[in-house]
Structures are given as C-alpha cells and as structure tokens.
C-alpha cells in the first residue's frame, strides 16, 4: 500500500505555505491595472497550479501507481473538449 | 401508400445540391445495405448447424481489419467533404442583394414582417402578415428569424430550409425559390400544445407579381 | 499464493495496487469533476454571451472575506492530512484531534458562507431573476442595479453546490470521528480516513478553481 | 503487502459480509446485496417499465393512425387527457405531448438503460471476471433502491394537476423551463427530480462496475481475456460516470428555473436556451452509446457462442468499443445542426460524427466474419442476436444521412429520425436484450426458456417491427415532422394517412406479440427444462458455476488461462474450451479457496 516516498513525509506544511502565498498573490493580481486577458490567464495558471499541488500532495497522487494517474486524468480531455466547444459558440 | 425513397421535388437553388448528396448517400448506404444483409442471410443459410459440421478456428486477420477500417473511413471522408461545401452555402454564405424579411415565431403562429415598397426593414411602410410568407422568384430571400417565447423551427420542406428560431437570438436563414407556386411552411420543433397547428403557406411570385403584391399590401395598410 | 500466480504464467495481479474503497472514491471524484465542469461550462457560456450581467470583481462580492474563507479551507486541508499522517503512525489521539480541527474549520467555512449569503441577499444580490437588484458592497439601497440576474443565478448555484459538498463533508467527518473514537482505525487499516481525506481535498481543490473564476476574474 | 495479497483483501472486503446461515427473506429478496438478486430486481422493474412504455406508444399511435377520432375504451381516461365527445373520447394535444415525452423518457431511462446496465451489468460483470460479488455490494443495493423511487415519481407525474411533462424527452428549454408555455408545472418538476434521483442510482452503479472490473478480476483474467460483454459494460460504466453528472447539473439548473425563479434558460432575462441543448447533448450522446454498447457486447457473446467460432478480431472489437465511447464525447453538436449553433461548429461536429461510422462498421464486419464458416446453432438467442446485427446495420446506415449536415437540414426532426432511433434502440438494443435474457436465463433461474414460444415471438416481432419502423423512413422523407399531434393539419402530409394507419395497426400486433415473450418467461420459471451448469457449452467463467450460482458465486477462486472465445479449438475434443482449462503442457495448480469460503 505504501511507497517509500510517502514514509518520508510529503512536505505538507511547505505546500500549505505555497497555497497561502499563491492565494494572496491571486487576490492582489486580480486588482492590478492591466488588460483583463492577462489577469484571466494569470489567475487561471495560478489556480491550476494550486489545484495540482492539492491533488499531487494532499491527495497523494504523486505517490500513487501510474494507473491511478491515468484514471484521475481521464475526465480532463472531456473538460477541455466541453469548455473549448462552449467557447467557440460565442465567437 | 408511399414507400418511395425519393425526396419530394425541391424548388430552391441549393435544393438540388442537397438532394444530390442525399442520393449519393442513398446509393452508398444502399449498396452497403444489400451487401451486408445479403452476406448475413447467406451465412445464416450456408453455415447453419448440421450434423458433423465444425466451425473454423479463426481469430481474425489484421490485414482484413485494416481494410475494413480504411474503406468506410475513405467513404465518410468523401461524404464529409461533399457535405461541407453545400452546408456552408446553406447556412453561412448568404448572397448579396437578398430581399430581407423578419419572421417572428410565437405560440402558435408565424409573423412575417416585410420591408414594404422602399425595400428597407424598420421603416414606416413595413407590414406584417400571419402565417403567410411571400417571396419573389429567382431572388435570394434572407429571413431574420426571431422567437417571442419558446423554440420553434422554421421549416420550408420544398425549399430544403430548416432553422430553429431561438428566443433572445436573431438567426439568419436564406433561400432562393426557382419556381412560382404555393409551398408549405411548418414548425418542426415541439413548441407546445398547438404545435401541430403552427403552419402556413409560402407563396412564391414572379418578381413583377411580387412588386404588385407588395404595393397592394402597403396600400391596404394605409 | 505468489507461486500460484506464477503458475498462471503472467504478472501477479491484474488489479491496481489500490484497495477497493480508495479506488471507488477516486472513481466517484471523477464524476464530481464532470459535475463541476458542467456548472463552470454553463457559467462560461452565460458570461461570454452576456458580459453586462457580470460586475467587476470586488464590486458586488466581498473578496477579502472570501479570501479569508479560502485560507480557512486550505488550512482545513492541512489539518486533514495531519489526521491522516497521525493514523498512519498509529497515533489515535492525533487522529481525533486533527479530525476535530478539520470539522471546526469546515464548519467555520460554511458559517462564513452563510454570513456572506445573508449580506449579499440584503444588498439585493439574489438568484431570482425578477427580484435581482444588486447594489454592490456598501452602496446606498437606492443605487442602480449592478450586473444582471445571470450573475446571481450562477454565483449561488456554483458556490451553493460547493457549500453543500463541504456540509456533506463535515457530516461525514463527524461519522469518521465517531468511528475513530471507537478505535476503528489503526496504522494498518485506515481506509475510511484516507477516502475522507480524498473527498475533503477534492472539495478544497474545487474551491480553489471556483474562487478564482467566480470572485477574481 | 504484495499485490496478490491485496487482491485477496479486496475480495474479502467484498465478500466479507456474507454469512453462512440463510439470511431472512427481506435480506434475501428485497434488500439483498447479492449482485444476482439485484440484477433480477432491475430486470423485473424495467420489464414493467418496458410494458408501460409500449402501452404509451400504442396510445400515441392511435392518435396518428386515426387522427382525432374517438378511441375505443378512451372513456376510462380522465377528461384532462381525453376529451369526452358524444362519439367517444378524443385524445387532447396536451396528453399527446405527455405521451411523446413519457414514452421516450421511460423507454430510455427506465427500460432500456436499466435492462442493459442494471440487469446485465450486475449479472455478468462479477460472474464473467470471476469475482464473488461487486466491489461495493451495499452501494449496489442502494443503486437499485434509488431507481425505484425515481420510477415511481416519473409515473406519479401522470396523476398530478397539469399532467405529465410535455416538452419531449429532451425537454428543450424554454418550453420546459416555465409552466406558462405548456400548462405543465408539477409534472415537469417531477420529471426533473425523478431523473436526478435516477442519475444518482446510475452513478452508484457505475462506480461499482468500474471498481469491480479494475480490482476484482480472478487471477489470469487479463484485460484482453475479459469477455466482450463485460468490456462493453465497463466502458459503458465509464460513460455513465462521466456523462450523468453533466445531466444532473443541467436538470438542477432547469429545476431552479422552474421553482425558485432563476433564469439560466429563460431568454426574457437573457438566459440561454441553447445552453440547455449543449449540456443535454453533451450528456445525451454518450447516453446513446450507453444504450447500444452493452447490446453490442451481448450480441458478440451470443454470436460467437452460437456460431461455435471465436469472435473475429477480438482486439479490434475492444478497440472499436473504446473508440466509439471516446468519439461519443465530441459529436453532441450533431443533434443541434439546425439549432442556431455556430455553423462552423456544425462542420466540425459533422466530421467527428462521420468518424463514428468507422468503428461501428468494424464491429458489423467482425460479426459477419464471425458467422462466416461457423457452425450456426439457430436457436432463439442466436436469432435475436442476428436480428440485432441486421437491424443495427440499418440503424447505423440511416445515421449517415443525419451526419451529413445538408441532408440533415431536411430530415432533422422528421420521422426519419424516429425511424433511425428505433432501429438502433428497439431493433438494436431491445433485440440484444431479448438475446441476452434468453441466453443467460438458465444462469439466472436454473431453467431454459421455452424455445418454441421464443421462436414465434422472434418471428412476429421481427416482421412487425420492420413493418412499423421501415415505413417511418418514408414518412420522414415526405416531410412528416416528429412529435406532431395531428399531421393532417398539413395539407401536404394528408396523403400519408394510409401509411400512418398501416403503421398503427402493425404497432398493435407488435405490442400484442410481446405477450408471447412474457408467457414464455413466466412459464419457463416453473415449467422450463432444467438447465445444467453450462447449457450452451460456453467458455465463460459464469458457466463454470451452478445455475443459478450460489451466494459468493465461486466455491474456488477460478484461474483463467485463455481468452473467452476459444470455440472449435483444435486443442479441444469438443467444440469449446473453457477459460479455466489450463494449457495442455501445464497441469492445473491446486485449487485456492476464496476467502469467504474459507
């Protein structure tokens, strides 16, 4: 059940720190006086980064077998498909 | 009873192209249908169980699999390419100089607003008729399709036109009739209790007749 | 048993090296991903189609308060992994303590959300299309309406479903705590705690996305 | 912990709650956690709904065959459904719209889907992969007991004020979003709640099937030794898992529009009606494959067995299933060609839709090639399965017409579509269901079905099925719209009256002849010939255990050495070679008891 990595204690507190800092940066970045597109893209990148941190460390995905990675990633293409087509509709 | 697989005659400029694609597909699928169902029946008769018959032990063949993957692939690519051009002509590339009108759908009527004598929509001499669509022959007609309540579908079977009317949107649909006459206007999207009664007529005039008709309507309005 | 598997002449096990409960929870979470994708997709369609319905960030919604709430939820994720780390070492006391902390933080999150909803509703920011008249944060009540009803509807649906998930999570956590108090988990068997954690972190993850999309963009 | 031990733990978890003494009646038959009992529960409930759906269709056909004429016996319906006139009761358009909606909804969500996924998923997955039960037996039970209230809610909507939902099974907004447009308030809300509850039920099932297939396979059951029925059900479960939540979200938003006054889909407040269509069909097209993939799996199973020949191209069959499932996610827009969607999207959706023809063709050719040089035992399961193939060919080919965008302009929302969907769902799925029930009936009940009755049923159904649905293509080509209460309102459709009447009469016979299957089913329960463990000389693991299998299924953990379709192998003296037969040069190892048997 265990892999060696998990016994070495994943850096829970470090991840917490990064999440905290990123949230602060997000809030300030959102109100900067730059074009909306940059704000949106920057915020999405930071949000995905945070989400990945949670999935990889808190949900232990980093320490799981590869097949679980595949399983966990399986809906992501569909997410991309739905959102892309939906965006198309508006242009 | 009409068992025909022919489409009813079409009377619009792109109608012929639509029908042509339909008949190509009819031929292609017809041939595939006859071959596959024929083989199915033949196998069922030929290889039905008899005393002492033993089936061949055969797991398949990659070469055959590749062949019957590629064959349908080429066929559908061909159909797709053929369809794309006609589709773009029907739904995207509206010709210039079209006669414009507004068709507003509501439960359970079609309201057609015509430009009047000046040929411009949104002026005082516009007039609106219910369930009556009039169009000149040999001239593109551009319909701005609106809806006041729910979804409806603007269906001119003989013109090969079908376009949903979506409340909150204005959707463009066009056709060019090639022969004067009376045609059907129907609603093809379930729109409520009176859906079935939501029909009318499309009358195609010669250009001269159409102008006279418009003048008559304008005079009547005033 | 290993020799037996070898006799079959193939790799030892067809299954994943993941026990059923954990696999089941992951599979369930995939469907949750799709659920929130549907909601976010709807939001995107509506927002692009009617940008005038959506106010600038921070005008109607209270960003500082929600940033604080985000911080609470992130902290609750840390306490949750701490609970998990505790039971991994067989530390029963630590498990219960960290679980209780997670419950407290989760409840606090829902509480803040309730306060947020109440204030927003009093400022005319409601999901009902006809009653919608958002005046913005701290503006006089006779001010002009900001945004439109799609803003209210999408906001409450997205955050509301997330809040429901948190609430369900807190309730389940009480159940896990009750089981923990009866000594149901050990250093060898802690499936319940682990899948509780997976759910909880997933809810946190969704909030990270929602916070960005709904409040900041 | 080694991985093998892991598997044992997983199996022990699943089987661990089984106890040795006989469980009380209510645990054994009502709130059972045994996958076989749950399968039968799903079967009886969904067969009931199949009958209900069929009767709704008959009512609908009366109106189409004899427009606005008094219906014999129509007087028993309340005045809100049938208007009483001196000559007899005449169907009202409101009721007709409810019939259209409820026939579609009930057939798709409460008959075909639970039969394929609920019945065969539950029955076959554990048995075919050699598992004692599902990974989560209690969740499995919850799945069934969520489906029941969903069905009751759906039926109850007929009895409420305003009648049942009348916006079509697709419930296009805004018609469905506000009662003002239809006069249906509570009925539509019940429809939404019922489907949302059913969604949870399907989700619980899907989580179970996926976990079970991944984690609970017997030693030796590699991915490419899994029987095609289980493969199809596994992929179907993935589709259910990922598609249902999208529907759930859409249903809830529509329910909010109906009840609390949001405006997601209401254009008067700038809501977007097309949003509903995007969400519905993003769910709906995978749903279409949910309804056909298991049928394909069942047909493959029966055809290979009854032809006594390995399935032709097992690997490409599996890959085709996966390809269809994936492509199913990128074609939803082909339901929306005429909806006002961006025409650019139309082209891209057309291409992806056309692409789906390829894996479907692969499957068809493989079935044909399986029959080639076989030894075809033409008993009733085989007849149903062959009917499936022949009708699926028609349904597949008629799909090409719709995929071509210009042709779809004309045939969209006409009876051509009705013909197409029934060729796929009735001719396809339902015939495969008949094949599957007949084939696995001995495994479920320990007796064989009545062969003669089944053959008569097959013949009548096949003939009248085609007489009903084939002419619908022609109706559509003449321009007859679907969901239309009285087509004679259109002058140009009036010549279609005789054909519509002909179809209606054939529907009556078609529906009536289904009683033969019911008689055969219930007669065989008590009087059928007793079945051995393996009446069809099949290779699958499910045929190595008694009929019906005991609680926990396998007394000893089965070990799998080969693929499921080794029929007529030269390695064997008979014409079959069970998956558990070890290779000749290697003796079988000592049997390993399953944990719960220990």
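When the chains are written out, they are named A, B, C and D in that same order, and each has its own residue count from 1.
As a working rule, a contact is a pair of C-beta atoms (placed from the backbone, for glycine too) under 8 Å apart; a residue touches a chain by one contact, two chains touch by 3 or more.
This one's a predicted model, so the numbers in the text were calculated from it and none came from an experiment.
Traced through touching neighbours, the fewest hops from chain B to chain C number 2. By number of C-beta pairs in contact, C-D leads when A-D and C-D are compared. Chain centres defined as mean CA positions place D nearest to the mean of all protein CA atoms.
If each chain is reduced to the centroid of its CA atoms, chain C and chain D end up 34 Å from each other. Separation between the centroids of chain A and chain B, computed from CA atoms only, is 46 Å.
Chain centres here are Cα averages; for chain B and chain D they lie 31 Å apart. Each of residues 16-19, 23, 27, 30, 34, 37-38, 41, 45, 49 in chain C touches at least two other chains. Across the assembly, chain A contributes 1, 74-75, 78, 82, 86, 89 as residues in contact with two or more other chains. For chain B, the set of residues that touch two or more other chains is empty. Pairwise, the chains that make contact are A-C, A-D, B-D, C-D. Those residues of chain C lying in contact with chain A across their complex are 16-19, 23, 26-27, 29-30, 33-34, 37-38, 40-41, 44-45, 48-49, 57-58, 63-64, 67, 70-71, 74-75, 77-78, 80-82, 85, 88, 197-198, 201-202, 204-205, 208-209, 211-213, 216-217.
Touching chain C in their complex are the following residues of chain A: 1, 6, 9-10, 12-13, 16, 19-20, 23-24, 26-27, 30-31, 39-40, 43-44, 46-48, 50-51, 54-55, 57-59, 64-65, 67-68, 71-72, 74-76, 78-79, 82-83, 86-87, 89-90.
Every residue of chain C that touches chain D in the complex is listed here, in rising order: 1-2, 4-5, 7-10, 12-21, 23-24, 27-28, 30-32, 34-35, 37-39, 41-42, 45-46, 49-50, 53, 127-131, 148-150, 152-154, 157. Per the touch definition, chain D reaches chain C in the complex via residues 2-10, 13-14, 135-136, 139, 203, 206-208, 210-211, 214-217, 219-223, 241-246, 248-250, 252-253, 256, 260-264, 266, 269-272, 274-275, 278-279, 282, 559-561, 586, 589-590, 592. Listing the residues of chain B that touch chain D in their complex gives 1-8, 14, 17-18, 21-22, 25, 28-29, 32-33, 36-37, 39-40, 43-44, 47-49, 53-61, 64-65, 68-69, 71-73, 76-77, 79-80, 82-84, 86-88, 90-92, 107, 149-151, 153, 155, 157, 160-169, 171, 184, 186-197, 199.
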